[in-house]
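Pasting in a structure now, in structure tokens, and then I'll have a few things to ask.
We call the chains A, B, C and D, going by the order they appear; numbering starts again at 1 in every chain.
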Amino acid sequence: SSSKNSTPADSSSDSGVSTPSGSGAAAPAKHYNFGASVIGTAFPAVVSFDNGLKAAAATQNVTLTIADGGAKADKQVNDLHDFTSRGVDAIIVNPLDSVSIEAPVKAALAAGIPVAEFGQIGKGTDCAYPGTVGSVGYDENGWAKKEGEETMKLLPNGGNVAILSGLAGLASTKIRDDVYKQTIAAQSNIKVVADQPGDFAADKARAAMENILQAHPDLDLVYAADDTMAVAAVQAIKAAHRLDKIKVIGIGGSKAAMASIKAGEMTATVWSSLEVAGQDIIKMLVDHINGTNTAMGQCIQLPQVLVDSSNIAEYADKGQF
Amino acid sequence: MVLVKRLTQTFDQTVLRDRTTVSVEVAPAHSSTSAAQSGMPTRAWSDAVLAVREVTKRYGGVVAVDAVTFELRRGEILALAGENGAGKSTIIGIMAGARRPDAGEICVEGELVQFARPSDARARGIGVVYQEAALVPHLTVVDNVFLGREPRSRWSHRINRRAIRREYAELCRQTGIELVGTRTAATLSVAERQLVQILRVVAIDARIIILDEPTAALSPEDRSRMFDLLQRLRVERGASFILVSHFLDELEQHCDRAVVLRNGRVAGEIAERPVGARVLARMMARDRILESGDVELPPAADAEPTIDRGTGQPVVLKITGLRALGAPPVDLQLHRGEVVGLAGLVGSGRTELLRAVALARGRTGGDVHLNGVAIHTPRHAVRNGLLLLPEDRRSGLLMDWSLWRNVSLASLRRTSAGGFLRPRAERRRAVEFLDRLSVKAASPDAKVSTLSGGNQQKVAFARVLAAEAPVALLDEPTHGIDVHTKAEILAIIRGLAGQGKAFIVVAAEFGDLLAVCSRILTLHKGAVINEHDLALGSPTVDDLLFEAATGRVSSMEDR
Amino acid sequence: MRRRLSGRALERYAQRYGVLVALVLVMSYVTARSPHFLTTANMLNMLDQSAVEGLLAVGMTTLMITGSFDLSIGSTLSLTGALTLGLAPSMGFPLAALVALAVGIVAGAVNGLIVVKAGINSLIVTLGSMSLIQGIVLIYSKGQTVAGESHTHGLGTFANDREWLPNGTWVMLIIALVMTFVLTRTTAGRYMQASGGNPDAADLAGINVDRYKVLAFVLMGALAAIGGMLYAGRLGSIDPTAGSGSELDVIAAVIIGGTSLMGGSGSIWRSLVGVFLLTVLGNGFNLLNIDPYYQYVVKGLVVILSVAIYTRRVRR
Amino acid sequence: MRRRLSGRALERYAQRYGVLVALVLVMSYVTARSPHFLTTANMLNMLDQSAVEGLLAVGMTTLMITGSFDLSIGSTLSLTGALTLGLAPSMGFPLAALVALAVGIVAGAVNGLIVVKAGINSLIVTLGSMSLIQGIVLIYSKGQTVAGESHTHGLGTFANDREWLPNGTWVMLIIALVMTFVLTRTTAGRYMQASGGNPDAADLAGINVDRYKVLAFVLMGALAAIGGMLYAGRLGSIDPTAGSGSELDVIAAVIIGGTSLMGGSGSIWRSLVGVFLLTVLGNGFNLLNIDPYYQYVVKGLVVILSVAIYTRRVRR
């Protein structure tokens, strides 16, 4: 149950940075220091978001400090406190865990620093944290649900499905696994014959796929919780000469996945532009500080696009990470 | 109860001579086996201070100790003699609770005991000086001495450091052993580590003191000081002693009785003073002695001993102004075919000198030339034909490696071609050297760690032999070696010198130096204070001792 | 192997205070570059950030002194943190904390007993139990973040209100002091050192080596559990992989602090300096706006250099 | 000298073949539960899956024999894999491979030289270089996945076409054989063992301990580079963090194979059995569709038990 306050992102999602409507950005913009705490800069998906942040920061005269959370909630909390100590002009947080950042976010707000969030939308709470400028978000549930629906479309007569799930313990792993399974449960002739971890890593996913192929000669579809794993699965299936019988779907819209769909190997993926998210969030904060848009608790949701052979021409070079 | 005990005691004494029936006769109700199972001490079969009966210990196929029975009486010094590998340390380990016997019983002060761990033995008043001093390297001397029995507060278990320091000073005064208490154990020499162990058994108030080759590394002076100490402990505390030593004259002089082990069995006993050294030697190795007929020194293996100092022979090793760790500079020329001995007390700097020569470690000045080539690194030295046998055999051996791999390590080039090993040839060659030193082991493939102390020493020496280096520096080559093998080793050194090899030898036992050297230098506090040319007349052990101890050159007036 | 006493005083000082030198160097650099660094708020900040890792470092130092390692502490931290948060709503904080503590102690004891009784190297035992405990966390938490209303259940005492030294830091400092006392002043500490420095010698001196080794593992487990509570209290939630990876950071800090990998010697305060050094580094990165990728490079260099400062090649 | 075969032969056999016993036990279990396990295709599969880790295990075994560790191999693998894929399009596969190999060798040499010349423990040095190299990978790849059209650039030779034993496996097996020969049949191998087993003794025997220690690091670096190429060839793309974590798996496999943590002894084939054991475990998990959370538990248990099988507590 996500609440959508406004969706200005729709306008800018296709074309990268577009001049925001209504903001008086003609004069030389004031210089700001922003701090961004992201879950980890070694994750290609996050890097796409970072790139959006950096691109927007460069055009808006913002000096950006990106703190690498290293996939650890406590490191992220430290980073946020450090930003507050340093007294940056605004903080962007890409939370690894929504509860743990409560205290440092409150501390930042208490110090008068505006905060905006980039993260998972639809956790059952309000879209944006109380007191924050707003949130730009993706929708894990939506992605998994879309792929579930796609599965039902691809297997109208039912079939055997294998799932390659992510690293156990991460929130997205759980959501992408559960929501997908809930969705396809609507069609009783679709059977999940294997649900095994690929840890969001190519080598682990490939090995798991190879092994699953041994155990299931009658596999019809593979759902991978991200595109890295999906592409690795395609390789394994290709090596086993079974690509004509098995469909592969993923999440994320990576470059390799786009190429694979274009080549007719992978079947589908869901795409949301993380780069645009980065741009939107900078703009949101700059506007807030400049006083051009003082609305609090804004909520921007990134659009989700299911990419398959039908629209691949349009998205072929929109692959990220 | 008391009556029963008294009865059994007298009974024990009467049946001790006929031991086969003891367990059945003495304690039918709680037999020794049930006592062993329940772990409860019960009445026993001997009222000796300490007694072992039918103790057996096997390591795989090797029977290290085979049904050994003997006892230690109150206030006596009992010699435990035997060749290397006879089983002395093993039985001591069993009495100390450090090893578990496969069979047999131990009885302390008339009570059957079972030691699960060394602390159990300790609690019974047994203190042991082990052959390989086991100290905690990071702790200081003081802390090592009092380890396990620190004076401490009752509540917090806080260590009372002041009390420890006081006790240590008192201990030093009482024993006459001088050792800086604040040094960490890692910096101690082998001999100093031995002294720490001796301090420890005194400190724990042990009533039964077992000493496994305590004197092997000690200088004559420290040795006599140690024996004085034993006498005092005997009188003041009523302590009893078991003493292992390969210095048979030492046993003859100080021991009241002797038990001789051979191949893990009791080969015989000498029931009263004097414990004749010759008899001991014969008992230890009856088979071999019967063949050769000579007890003291078997004939040299290879060649005539060269007592000639090698003048006219070229100088192979030239040491000029060498300062080891800031000691006074030393000059020394070693000729081809020469054996030079270094005599000195513990800490006189012999080891440091040899290390400075061969390893270039701790050099603070001076040069070393080997056949005209200056030596700067240990590699350099080995490559040019200079090998060091280290004082501490553990630092030279790979304990988890087989015997033969240890022997061949410094001479792989002789049994390899183009960097490729020829394991069969390598092993064969190594076994030759092992045999030459009559190393006792289950097999040449056994790990060195399974060998007895003396046999480990032989392996270390075999490596130096196998390298056939023109110059070898031997730091305590006969450390812990039994009399027979020692004679063989000395003969081998002389033989090799006859073939043109040159040696510098350090030995705690000055008699060994006199037997093998052509020249002897005496060291005192790092400085060479005198040089004896044995071709011109031999000094006595006492002469050397006097010089080493006082730093004065011995002359007629001094004697 | 043997070295001369004389003239080694300097070397020994370098050994003893080298890690402090490294810390001072890094702090000076950051101070010179950022006015925000040397402020009370920031210092309190960093102390708070060091609390959990410092606690683990106390345990790891003690454990390494007895000659063992523990790679499973990250998992144990996750488990105990999750238990505290998960159980507090139903049974209240004190009881939940007790359960978590018990679990930590059991984990440590099992590790220790396997190491000691089966004679397996601690590295492989705890590599195994790391995975095992991680599995248990996942099963318990169903793979989800465990969140608690910490403040309503007493855990809030560990939440950082940043007025003065936060409670977590106090807990850490007190435990560090106690353990320093134990290690340097009591027989138990002495026996731990001996058990690590030379187990054979300790055994022959009548010390129950196995007991002290297991004891150190138990302590480590207990501290990991307390660490888990602090973590949970500080963050209010814990994800199943929360602690993973912290074991390597802690080991790095302890080694930077000069504790021997071979057992037998080590010092708690120096380990804490090591922890603080890493915290300062992370803080500095954020204050000075260092590119994240270069942070990896700098961190690697600092780790190596700060050890190199005071390590002298041991002469053989 | 008497030669008698000791009755401890059995114990020694247990030591030597214990890891095989563990493997056979696990394989029997999976065979009994899944008909898909004991098929040629699946075996080839697993061999292929073991290639990269096997290669790393060969290097790690050698390194551990000389008494060191390397935690940076995961980063080195990522770096060299990324370089191979990144450079192949412009300079062709052979040259790119050469560059990657050189980088691996340099990384190993630097690690080794720091360990040897500064006398710092290898654990902390490579913990540092792990971070450092990870940073370099991120800088080089800009944090993005590096993808190559592998087949068009020669790297395809390592892609698995599953007809017969894949090329990667051959590479691994040949290197393992060569290194086994080197370690057991050459003076260099013997000197490496001595350098790890007792550096003092090796020194006394005139062995250049430092050289052999560095050599083992260089070998490790080179094998990590080849591993990177295999990885890149197999998957056609590489994440900046692709290799991270593999160091612990490799070390686990090597220890399971019985190589001493103290240096001085070890065996390559047993390490490979250790690697294969872990691969079989993963394969079994997938074939039997074991719940991911329980996989962690089972893996932990198997790691500990497979070592416990053959470890005997040293008898007094």
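Just so we're on the same page, a contact is a pair of C-beta atoms (placed from the backbone, for glycine too) under 8 Å apart; a residue touches a chain by one contact, two chains touch by 3 or more.
Just so you know, these numbers come straight off a predicted model, no measurement behind them.
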Shared chain contacts [subunit A and subunit C, defined touch]: D
Using the average of all C-alpha atoms in each chain as its centre, how far is it in Å between subunit A and subunit D? 34
For subunit B and subunit D, let me know how many angstrom lie between their CA-based centres, rounded off. 44
I'd like to verify one number: the distance from the centre of subunit A to the centre of subunit B, where each centre is the average of its C-alpha atoms, in whole angstrom. 72
Send over the residues of subunit B in touch with two or more other chains. 98, 359, 395
Can you pull out the residues of subunit A that are in contact with at least two other chains? 41, 168
For subunit C, what residues touch not just one other chain but two or more? 1, 134, 138, 143, 292-293, 295, 316
How do the chains pair up in terms of touching? List each pair. A-C, A-D, B-C, B-D, C-D
Where on subunit C is subunit D touching in the complex? 1, 71, 114, 117-121, 123-125, 127-136, 138-139, 143, 248, 251-252, 255-256, 261, 292-304, 307-308, 311-314, 316
Counting only contacts in the complex, subunit C reaches subunit A at residues 34, 36, 39, 41-42, 45, 48-49, 52, 134, 137-138, 141-145, 147, 159-160, 162, 231, 234-242, 245-246, 279, 282-283, 285-287, 289, 291-293, 295
Note: in the complex, subunit D contacts subunit B through residues 1-9, 11, 184-190, 193-194, 197-198, 200-208, 260, 264-265, 315-316
Show which residues of subunit A lie in contact with subunit D when the two form their complex. 41-44, 46-47, 50, 165, 168, 193-197, 201-203, 206-208, 210-212, 214-215, 228, 231-232, 235, 239-240, 254-256, 321
Over in the complex, which subunit B residues touch subunit D? Could you list them? 59-62, 93, 98-100, 359, 378-379, 381-383, 387-388, 390, 395-401, 405, 409-410, 412-413, 416, 419-421, 423, 431, 434-435, 438-444, 446, 463
